[in-house]
């Protein structure tokens, strides 16, 4: 709680007394985002892996996956959405409490992925407004955590909600994939 | 007058807190009502027929259990705090209070309030096989390893 | 003597291969292809053949599925006396005692696609037959609950038929990809 | 009914009409026959005996344990008819993850097939690739070299271990021991790290292909597998202490979801559920494929056929898998990892720069795909959930004419109503978890 005097009022650093209520509310929403378990297919296994001990979503205040949409404010659509599942997904999204966000995890949720056929909805953004698209099939826990951090950043700045009010569409942020091993693996058995 | 001041302040605080929390959510939370939010949540399915109003009696047993234990405890706390000053008179009063509550608990147990569903009865008598529900049964005792010596014999092929 | 034996086996060798092949099961002609034994049976003979096989030890029904042979250029050869139809029902049975599998093939014509249901003999067939009905439109008479199982209830058409389009949405080319 | 007009109407049309469970008064007598279990129905005599129970006071409620539910292991929807807490009738409504994979399978060449098939049973992806490759090789009539067979066995046993660890984690969580999820996933991450080292991916590897394996084993794979074999057995003993000796865990699983051998065979169940009834049937031993007849392992069999048996079987099978992996570690033969038949295997990368034919060959195999002689072939393997079969019908072109995958979970889901009958809802959750269905394999 310092005050850099020669900078005048600008030097007053950020603290409780001088913080805006809006920042406090956004910070509270960001750090206790409760995801609704919407695990559909293979991405759900990776989402559970992200919730597990090794990748540990709890570091971001999200280790509790709420089952009922009444207590959840983030829907991670993890897996391919079939035509039979589309109305159910829309119903669960409508029943979620405001303010709510959607992460479309995996290429099948984002764009139908490799299943371009009669059974799969080609992209969940036809049904619900999507905020962050996480690429990968399945995206590793690192990519999911990267998507969640991106969303946290957008919630903290608050412009995600302003755009939602005007256009009703999601923030539609695309992120790149961040998993896999760093150093290349040398193949043995060359002889 | 001073003696009752804490109680009055406490009551006032309770009322104020109730009023604030009643109206705060209306003001602070964003409200976008839609038909789905009012609808009952049934795992994502829109229920096509209304759930019946009549509930089986057994659910009321659970309500009774709650009343017996929770409400009774609420009355025991103030007694426990001041049982020294109340002396024997207090003890008699508390025992008189507890007896009818305990009587309803006995009635509940007699009516099988805790014995939910036939499953438990069926399992305890070992209807399926003796020793199916027993503490001694661990992973080691319940499985047997069939080596690679042969396939199921004639009898086992049922 | 010996040379007689010597040449007759070759003679027989050729002969047995051509005429009867593996012996028919309960009168149903059997073909063998890469270790995949198949018995061809008519629609009305299916139930009693499965019943006879079950008493013999073929206890488990593994799979009931169908193949739409509409556009199959070179289809597996059928023994004579079996008229090739559009739909071909595959019933896969397994005998635990002999540890082997047997497929029953039933030819189902396109104009009247109904087959007697195996539910009475193998209750496990209920869901499999519902899936074949859902995907191919082959009806099973005697089936307790013949409704769709995989597709939504109000879906038109049977997806796995060869004349049903894949339902691919053509992928538009959204602008050129950035420098690789 | 496209998804867009759901959007406008705002009302989600989620009722599936005839596929749902009808209440007794509407559906009439025949629906009550479903009382015992969706498939093994009551006979008329039993229903008549049941009939004298006057129905008016026991108002049964029909409730949805719907597609979005924490304990249905994916998008399985069970319609339960409840009398208070007791489950009378159940009807599984599946299809909420139907991906049309069999239709897509007909559009992809044999080389692309494993990428499509591997997403069916996503807890054990390598088994799908193995069964597709075995069926294709049967059609081609080619023999895979020794080393490829043993590498496939190593990968499948590692995948079985990770699948059973996933079961132990979710079984503990479903029955209330939520921290089991953390323990189970800790070991699963170790196994996935070894699989990632070998195949490059944590899931959906596309590593087992028709003709052998995608690449050779990387440097230092023995050290990684040996380290896994040193840590996981100790952790499994830790689970024994955590779960098996717990009276709560025993009370929740023992005597719940009992099924007999005759019912399993009538329902077409295979895998741990069939073995839990005391019937020793394991494809790896009875219809050996790959090199399972040269490896010595035990088939684990239960005694009562209840949830506790299935839990013990999977725990013991995890140990058996590690025993097999240990034997593979020392007996992996040398040699090439793919069949050397020019028709099926693309030439090695270095050869393409040197010879024109290799380049043409490479190009033809990867674009048009290799042609498979016409015919039909059925191959089956013992996946962690039962017999996983793949029927391939080929018309001589480079794409399968018909690809049918027989998923064990499809039959296990049909047996759920039979096991859940008469139990409480909480028992039903334990039974679903013990059947361990994977919805990708059920709906395909």
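First chain written, first letter: the chains are A, B, C and D, and each begins at residue 1.
Heads up, the rule we're going with is that a residue touches a chain if its C-beta (ideal position, glycine included) is under 8 Å from a C-beta of that chain, and two chains touch if they have at least 3 such contacts.
Just so it is clear, the model here is predicted, and its values are computed rather than measured.
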| item | value |
| --- | --- |
| Pair of chains joined by more contacts [C-beta pairs], A-C or A-D | A-D |
| From subunit C, the most remote chain by mean C-alpha position | B |
| CA centroid of subunit A to CA centroid of subunit D, Å | 29 |
| Whole-Å gap between the CA centroids of subunit A and subunit C | 46 |
| Distance from subunit D to subunit B - Cα centre to Cα centre, in angstrom | 36 |
| Where subunit A touches two or more other chains at once, by residue number | 83-84, 87-88, 91-92, 94, 117-119 |
| Overlap residues in subunit C, where contacts from two or more other chains coincide | 59, 96, 99, 150-152, 159, 166-167 |
| Multi-partner residues of subunit D (each touching 2 or more other chains) | 10, 12-16, 66-69, 95, 98, 100, 103-104, 265, 281, 286, 443 |
| Residue ranges of subunit A touching subunit D (in the complex, touch as defined) | 36-42, 44-46, 48-49, 51-54, 65, 67, 79-80, 82-88, 90-92, 94, 114-115, 117-121, 126-127, 137-138, 140, 179-181, 185-189 |
| Touching residues (chain side subunit B, partner subunit D) in the complex | 34-36, 42-49, 51-52, 54, 56, 58-59, 116-119, 122-123, 128-129, 132-135, 137-139, 142-148, 151-152, 156, 158 |
| Footprint of subunit C on subunit D - complex, ascending | 1, 15-19, 30, 33, 38-41, 94-95, 98, 100, 102-104, 107, 138-139, 141, 265-270, 281, 286-287, 374-378, 380, 387, 389, 391, 393, 395-397, 401-402, 404, 406, 410-411, 413-414, 443-444 |
| Contact set on subunit C toward subunit A in their complex | 150-152, 155, 159, 164-169, 171 |
| Touching residues on subunit D, where the partner in the complex is subunit A | 3-4, 6-7, 10, 12-14, 16, 66-70, 74-75, 95-101, 103-104, 115-116, 119, 122-123, 125, 166, 181-183, 185-186, 188-189, 192, 196-197, 200, 202-204, 215-221, 334, 337, 439-440, 443 |
